[in-house]
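Read through the structure below, which is laid out as structure tokens, and then see the notes.
Per-chain numbering from 1; labels A, B, C, D and E assigned in written order.
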């Protein structure tokens, strides 16, 4: 049998694939963060909470309205995006003229509130959410047993990431977004409705988080804590990527997911800090991050 | 570059700031602290003082250098572990134990700072958060911290060999003394030539470089000082409560100290004291009430950021009364 | 001449500081008017207040007969008013080309990209580099060029010659003249008095947040002592 | 018009020199084979069309950018690989094309911050702020010399653009640099200030070297002893103003057909 | 008689954090039920129960504990979820000569090196869980083990204790993998466990980690593949959160199951009416602790600490939670534990009918021999 680093090639491939699944979540989440940061200069600490909200929304839709996975995949992000938009409209927007750290602090408070509310209402141990019937079961790939649902996660996240990237890089909307990041007042003086654009962006970022949440619901326990567990890692992903580019956020997300996955095989104890270690190394060698623009 | 400025200017503009008013305020404040144990629960007061010192040290970085660290819990909790371990396992006297905590926190600060100052603004915040999280995992796994049990039953020992710190009153005045010394040190750093350079770096980093200041060294120095003073608070807390646990190194603790500083007033010297007092009281009160703590904390955070950015003390300085008394708290965007 | 822009009793504030104390001026259709004044008298603020970027303002502003006071900033451009700020506002994350294409066209009659590149060959040469990688002068050209595409009827131009090489200043002068031929209305803020005298029809002199004087270009030579008093020329 | 060279004992001393300076940005070469000698007690103008690479040369000389090729010598020392703050400490100080002040400090404090380092009052975290009062005399003198005395206690952010530029010059001078690099110091200034700043520069240049970028040709003509014209990153012409301004290449590339100076 | 005209019991636990389901507000309900069942009064004075949320912060817990003891005449504190809190409060109680009865925390330190003459450990501990699941499962044929262990002291001790019992009973441990705390994705680890070929996969972790591991094991078809999952710290509350679909076939140990017999079922239904959920061992344990405490006061005729502690050590425990319980000199309440298996969805006949009792582990086997505990109170 072929061996790689002392483990069979097949197992190695399996772990690679699993890393990719993890990476799908990182990519979706860091993408949303990068978009929100890019335009609003807000580090959205509530991103984890919005991810959790997405998952819970799916669960709530199912248990109270009987709405299943597929509609939820659209409805939940829509709802979360809407909530995000309302928050941006009513509160977050007052902070743009201030130092960016206030945005961070506000969303931190928001995250605590959302998470606390769900913990209060639904407890910490989480809720079950079943895999949709269509994606039940698994496929034997020869080197591993791949649950079909996980394959779906990879494919769907790739589609969403690429779609978002295309929308931002290749359309006029994207250049509005990028320009408004630098000088919103000027862009507005050109006749572009920047406030609306900002609302839209925050809503979009939140919706992306929610998509990740819905995708996660059948895999992970739908729990109020699921967001805060992942968000700090995603921050590190973002630092490694450097928030210069949307593509950077996506690629780094997948790469670090794989790196983490492989660490789980070779040195499991370090798998939660491997991303932080990579972050430190990247900071030493390329302070602006892998894809950061300014040197 | 951070475009936030919060300056407390006491030393200058003597014509507008009758030094007497401030001396009176200082005197009354100190008297209150000296008499407080007559009215309040000493451990509760000591906890406030520890957190206040923590928040003041944190504020040294945020309020005066413009660096938002989201990882200060590492220095606080780290120092608590170092002190607790030294006192309990090696049997060193309390003052030495605290000193070890401070040194440990400073070293930790040097390492974290070394990485973090490479980036600015929110990146800085995220890097400190991530590194602190690494330290959290280290504490979780390292043997000497005893995992989730924590280092328990740490003896308070005898200060200078003869003052019995297990007496609450003795302990309280010891804590108060350390607190006052810590604050005095922070005040001195802020209102020093060095502090002035920090301020200018926050204002315009490139210009500071072109004036010949090695910005990185200044930032790192400020970071290490803040970490060391945070360590002072952490070591002290370990002695007050006689344990050191994971709570103090968790990222939620880093968030809490920000809340305290924000509530009290970023960039004000004594604001964090009020912030800490309020948060500790709130947590104690909420513990026995029906309200879920996290929700309330979160809402306080949001309201603060949206409506009272200057914090309690900042708002006071900025009020008509505060200005009349000669305080000034500038907050520009 | 029909007035296109009419400003009356315009006051403006930055927080607590009161900067404009009742500015009155009119700019006729197709006219090129220059606002002169020392540093800090409020020239930039006047433009920003007209545009609606400074929102703490009081008074009357009407453009083509319409009241602008209540129009939100992003609708002002659609009424036909464009603004080129002093600090140019080139976007670093966009290329020169994307910068040019950024402002949406609000009316017909704007220049085409080809016309613009003809006017500013430098921009053509560097069209694919990032906006802020341009030199100061190139940025200024880009800032002006960008507005010309949109088809606005009037532009507010804040110190367009600042920091430009004499050849470029000359070129900008020519551009302004061409714009005038096309019927564009311009309100220009300028320190470079000699440059202004070549392009402007009329001058307003500002002092302390007010208009201190007004004269057509023909009277320029007779007003030198006034200019001396107010500008120190 | 030619500005008379100050007479020095012996040959004018070169304090800052660059040889074969080059800088590429991706595929684009912003500065190419530039040799430059800046002399003590002379005002040296660097002019050229926009985008010629003047600011880039400044950034290279002050080490805010690393040259792709070439060497830079300051006061006899090779500084090609030195950090920017170190270069500043060695006596090479610059101003920026876009004004650079400490926006929320007062004018006085802006100048004092600059004075702190040369007076060894920067790292003392144990001393009181009033120890900086010893700098007040010097600071006020500088402020007066640039005509900012009325605004001495104003916050820098509240100054108009032109006044900020003046303040920046005052802070630059505070360091008593041996070599002064000024990037368009008069841009955006009113006429009075232009005259005043020109006078200041003339004054300081008696004792030190000045290299400045300026588009205001009348200033260049009356102030500068030596002119280097850059075009597309390369040196097009060099000499005193009279010589350079007669050069037909310079006229087409930079000055244009008519005097458009202020 | 009672010192200050009433007996006051404090229930101090996590009511808003990660362990809020584990004990939480419902533990307070359980305490109230015990007081009611006892008659509301002891020695003729009223019994009062107060409660506080320590938010998993030992410093808050310790502040509250001191305040309760010093200024609010609280006589004893119970529940005490999470070991750092339990140890800190036990130290204070010892110093203040007050009684504490821990039902929420797992660490054996409470009755080991850090034991207190006034401190009691009631419901379970890491050792009893390990013995229950490890020992008993081997006897049922699960003789080769692979551990998924949370990478910190708690996880190690569960793994080590369980491993020892597995080996003692003739089984083998074929491997282990250490995963970081708060891991969300377990698939890598599960694949390793799967390929190890072990009959039992032991989950030496807690809370959300365990839930996620179980959920993902179902996804990867681990149980269908013939392997068995054994959770080392998992209770009814978490099984409820996971749902039977994901949890079916899981083995675990608890000190209580509401559907164990008629009496427990009656208690469970009463509890359910008040809280909306069935009790787990922490809730039932708290009920038992309060009840026993009141019995001891009555027996001692006073609420004075020394006397009550003495009675608590002496009195046998016989209530709905523990049938034949005794209290060892180190404060450990020794009682039977139950090895449970989660039913398949179609086996479950009513809501909350989740477990089959596979075996009863006698107290003597379940808990550390007091003489070996390291507690200095035990005279050898």
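Everything that follows uses one rule, which is that a contact is a pair of C-beta atoms (placed from the backbone, for glycine too) under 8 Å apart; a residue touches a chain by one contact, two chains touch by 3 or more.
Model, not experiment: these values are computed from the prediction.
Both chain B and chain E are touched by A.
Ranked by separation of Cα centres from chain B, the top chain is C. Distance from the chain A centre to the chain C centre is 44 Å, each centre being the mean of its Cα atoms.
Between the Cα centres of chain A and chain D there is a gap of 48 Å.
Centre-to-centre separation of chain A and chain E, using mean CA positions: 37 Å.
The distance from the centre of chain C to the centre of chain E, with each centre set as the mean of the Cα atoms, comes to 76 Å.
Counting partners per residue, chain E has 16-17, 151, 180-181 as the residues that reach two or more other chains.
In chain A, the residues touching two or more other chains are 116, 119-120, 269, 272-273. A list of each chain pair in contact follows: A-B, A-C, A-E, B-D, B-E, C-D.
Residues 37, 41, 43, 91, 94-95, 97-102, 104-106, 108-117, 119-120, 232, 235-236, 238-239, 269, 272-273, 275-277, 279-280, 283-284, 287 of chain A are the ones touching chain B in the complex. Of all residues in chain A, those touching chain E in their complex are 11, 14-15, 18-19, 21-22, 116, 119-120, 123-128, 130-131, 138, 144-145, 147, 149-150, 218-221, 223, 225-226, 229-230, 261, 264-265, 268-269, 271-273.
For chain C in complex with chain D, the touching residues are 17, 38-40, 44, 86-87, 122, 126, 129, 133-138, 140-141, 159, 162-171, 173, 191-195, 231-233. Residues of chain C that touch chain A in their complex: 51-53, 73-78, 82-83, 85, 89, 91-94, 98-99, 101-104, 106, 150. The part of chain B that touches chain E in the complex is made up of residues 41, 43-44, 47, 137, 140-141, 146-150, 152-153, 237, 241-243, 245-247, 283-284, 286-288, 292-294.
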